[in-house]
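Some structures to go through are shown next.
Shared chain: subunit A. Partners: subunit B in the first complex, subunit C in the second.
Let's turn to the complex of A and B:
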């Protein structure tokens, strides 16, 4: 009797694990293993179009020493950081309004925000080029209205254009985690704090922000990491002065003078630096809101 | 009361401003797909459908569209099925730590930049000696779609009553019978919804596709090429068609998720 039920239980356990298998296998085989391959490749050498197995740190040395790559890395971190610094406060304010001002109707606004995410990634970047271009919608409208005589040159092919476009792309992604975090804060908690005499700023700083911190952290991660990893936006709306490290990495894989091992090393150096900065910022955020 | 009204008013303005920021590019593309002037600027001179005609006359677009639809179908069916099964398995795990760890791991491809996933796959297939093409791309799409399928399925399975399955088993139903007669009919709207989301993600995927598709084209890869070559207003027409398809898929996906709850 005992062994019978034990058998049944173990049988049940094995059937409940089986659904996990196909996806897990796919993840390991086509996500984890390829990442490992990329890492191994970063120690190889490239000779013409051939990849030569090796164990050399030359690629990493080139990635760190080269002035060009350093300039691009710094610009990438700054652009990613500025994008996150724009996106996260807007996402927080929007989530706050959806949760505590509009309440029920907030869900509808959330649907609209998320729907914009699915209007085409390339399409939106291209549209920003149309809007910000020298003879684009913004400039031609301002001129048509007589507000400016000459088109504003800084609107396109600049770091500003890259940040405006990336912020628009990543904002919906940042709203989702912050809004979910705010769903866990009840109106009663807010009312209670207000009844005890807490002002709005105090309320947000000492109650709302710490409670929403996991969401804010995720939102920052999305905005910063994805902005730092994008190369499509800089190549369409950024000029040669606004290229990011992603453009150089992409060029190593699809460009003319491509060098896969160097590209791989550049990718890992970028990931390491961006992750280190992300973790440092999160530490600071946690300390500030405590 | 007055304070509340004023707060409402400011918040409404703010929400409107943000929505304008998010939707301005979309409105611009749709608007300019109908204008006569090839120059994308104000004021608008006249309206025409000719960009749609020239877009649909382009044989490259038809082949790119076919490839995109094939990739979307594979993503919908395979990522939908695998992601749903994965999420279903997760819900039945008894240990919360293991479950949390697996959810975290399954979401990783959504956080790693697509550029890195794309080049990692290209390297992997090169090492295997597999030439670039649709198969490699389809696998890449599955990796990108899975986290989002798992996320939506997790949210939708939260209300699923697992005791029903125990009851069916106690009454003598085999696992296959239980799945076909009880589980699947109950989760079908959620699975179809998640699959439509996967199709939308796949249709929109550019970065991984670009590194793995080789000489073939998908709609985003074709659009990328056209953008780089310069101003051809039929891009706006193609973009609008793609946009309509994507938004339609996502709305259907959301409606299917909601039907189950009511």
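Let's turn to the complex of A and C:
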């Protein structure tokens, strides 16, 4: 039997949870339900133009055993990780400068950084193609300066092009959480540490990073997970050697000969692996800065 | 959500229509609406909704506007990004809510052959304008089953090589010749498993290039891999391929689109078309079809009849940079568009080369013959190698 205090607690809990209800419903409707459908589909079979309801692990077996998919998964994780490893330090440096060097003007710089998002995802990829192309801005400038005689071909349609473009695309998204986290770090804490003799590196490692860790973690999540999940950028600037697993998953959902159950299984294997790596890296980050 | 939308748009199947929508500055020619009255007068129950699911642009956004307004029809258009999307929607709650579809030649052939239900046979008496189709389209074998017609062709075209004449005089005799190191860093392909594998199967002299055994498929991929070091990138769409060629990142597009030459011309770049003399190229055609259990049948028939009129067909061909399917529409086309396509082919009865040329493999394995999923996997292996 529930006691009076229990009832009161229950009443308070239900009151406090009520505001979450609309968001929770939307989450379930637009995320959980589609994901569940996709998960169920991953155990089905494709036969000609039909999807056959079934419970088979064949799709998962193929997703894990196939050398083709394994190779692409590894490449995807590496590209995601390298992108995050480039984006997060740059975003941290930029956020640090906005918070502690430019101070009030930092907000203005932040607005400028975020303004780039208004140009649209596709437009920005094409902008990078214009910069990195054989006859692009970078090659033309380097040739004009006499630094190179022939265009640097690796700048476009390569893994390097994919990482550069993804880094450019994801940087604004990584700046926002780190800057927000740094706003919670007071100047008093910084000055107290300095008064106690902390150098700049020590200050960043022992004061700033731990305090900004929620933002860094979010920035890493944005950079790593979005880079690993992208397939538009590789298809537009990656060329023939830079396909990621997302490109192959997309193939399974379009056109004659597509195999939705296999595509769904590949997607869940990818999600599982990428999430596992993300959680491991976050654990390491937390330990390093503890 | 934005990423998802962009991903959908970008990773559409190889679609000319999608490209044309992005290419600015294409005006509708001034012949619109000329035949709206005649067909509308013959259909007594027009008005209300007309549900369209097909390739972008083939809903005739500009061309059909006066017809729709005059008859009080609200066109609810949604666009597919893959050939089989209509079937998926049909089987997942769309049945009874779909009217007009625009299948391509090979998809419609495969559906009719597999007896999967999607289209309904057409009453040609309700589409009198179809009498004006080129001979190849009047009795197109890919649209007929048991003597019944399941579609009215609306546009067609081929997929030649598009190349920069400043770098190349002509294309080699065979597609396998593109393996020559002199083409290094010059090629761009389209992300089209069937078109590319089919072309190389033809090039290797295989008897039935759309019906390959596993060993033959492997042989084709081996031949394609010899060419791969010369490939700069695989275009996500015809628009993307054109962009790569216009920027000069590659100089030859294999399986391209004649209309890319006009787009390049607008940007001050000269590109021309040509295909390997021995191997040739392949042809495509899209048709209007009516879904089984279509709720707005009268509107659908009247729409098809209007769009197959001479003036409308010419306007649509111009707007989409494609070949017209109505014989008299040919005379209304500007030579810059008309001369992009070899009309001799469609003046031949019996489907011409479009009727005999099957590009897409069977859906399922058929004895030793491997089905479409094996082709897709082989293409992925090629892309990822």
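Heads up, the rule we're going with is that the second predicted complex is superposed on the first by the 261 of 290 C-alpha atoms of A that agree within 3 Å, B and C clash if a C-alpha of one lies under 4 Å from a C-alpha of the other, contacts with A are read in each partner's own complex, and residues count from 1 in each chain.
As a working rule, a residue touches a chain if its C-beta (ideal position, glycine included) is under 8 Å from a C-beta of that chain, and two chains touch if they have at least 3 such contacts.
The shown structure was predicted, so the numbers you read here are calculated from the model rather than taken from an experiment.
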Simultaneous placement of subunit C and subunit B on subunit A, clash or fit: clash
Which of subunit B and subunit C A:210 touches, first, second, both or neither: neither
Touching partner for A:263 - first (subunit B), second (subunit C), both, neither: first
Touched partner set for A:112, first subunit B, second subunit C, both or neither: first
Touched partner set for A:157, first subunit B, second subunit C, both or neither: second
Partner chain(s) touched by A:22 [first = subunit B, second = subunit C, both, neither]: first
Touched partner set for A:254, first subunit B, second subunit C, both or neither: both
Touching partner for A:239 - first (subunit B), second (subunit C), both, neither: second
First, second, both or neither for A:121, with subunit B first and subunit C second: both
Chain touching more of subunit A, residue-wise (subunit B, subunit C): B
Which superposed partner A:94 touches (first subunit B, second subunit C, both, neither): first
Part of subunit C, among the options 22-30, 58-66 or 202-210, whose backbone runs into subunit B after overlay: 22-30
Subunit A positions touched by subunit B in one structure and by subunit C in the second: 120-122, 126, 129-130, 133, 135-136, 226, 230-232, 236, 250, 253-254
Subunit A contact footprint on subunit B (complex, rising order): 7-8, 11, 14-15, 18-19, 21-26, 28-29, 32, 39-43, 81-83, 85-86, 88-90, 92-93, 102, 105-106, 108-109, 111-117, 119-124, 126-127, 139-140, 142-143, 146, 150, 175, 200, 204-207, 210-211, 220, 223-224, 227, 235, 239, 242-243, 246-247, 249-251, 254
Touching residues on subunit C, where the partner in the complex is subunit A: 2-3, 6-7, 9-13, 81-85, 87, 91, 106-107, 110-111, 114, 116, 185, 191, 193-194, 228, 231-234, 236, 240, 243, 247-249, 360-361, 363-364, 371-373, 375-377, 379-381, 383-384
In the complex, subunit A residues that touch subunit C: 46-50, 68, 71-72, 120-122, 126, 129-130, 133-136, 153, 156-157, 226, 230-232, 235-236, 238-240, 243, 247-248, 250-259
In the complex with subunit B, residue positions of subunit A that touch it: 15-20, 22-24, 26-27, 30-31, 33-35, 37-38, 41, 51, 90, 93-94, 97-98, 101-102, 109, 111-113, 115-116, 118-124, 126-131, 133, 135-137, 139-141, 144, 168, 171-172, 221-222, 225-226, 228-232, 236, 246, 249-250, 253-254, 260, 263-264, 267, 271
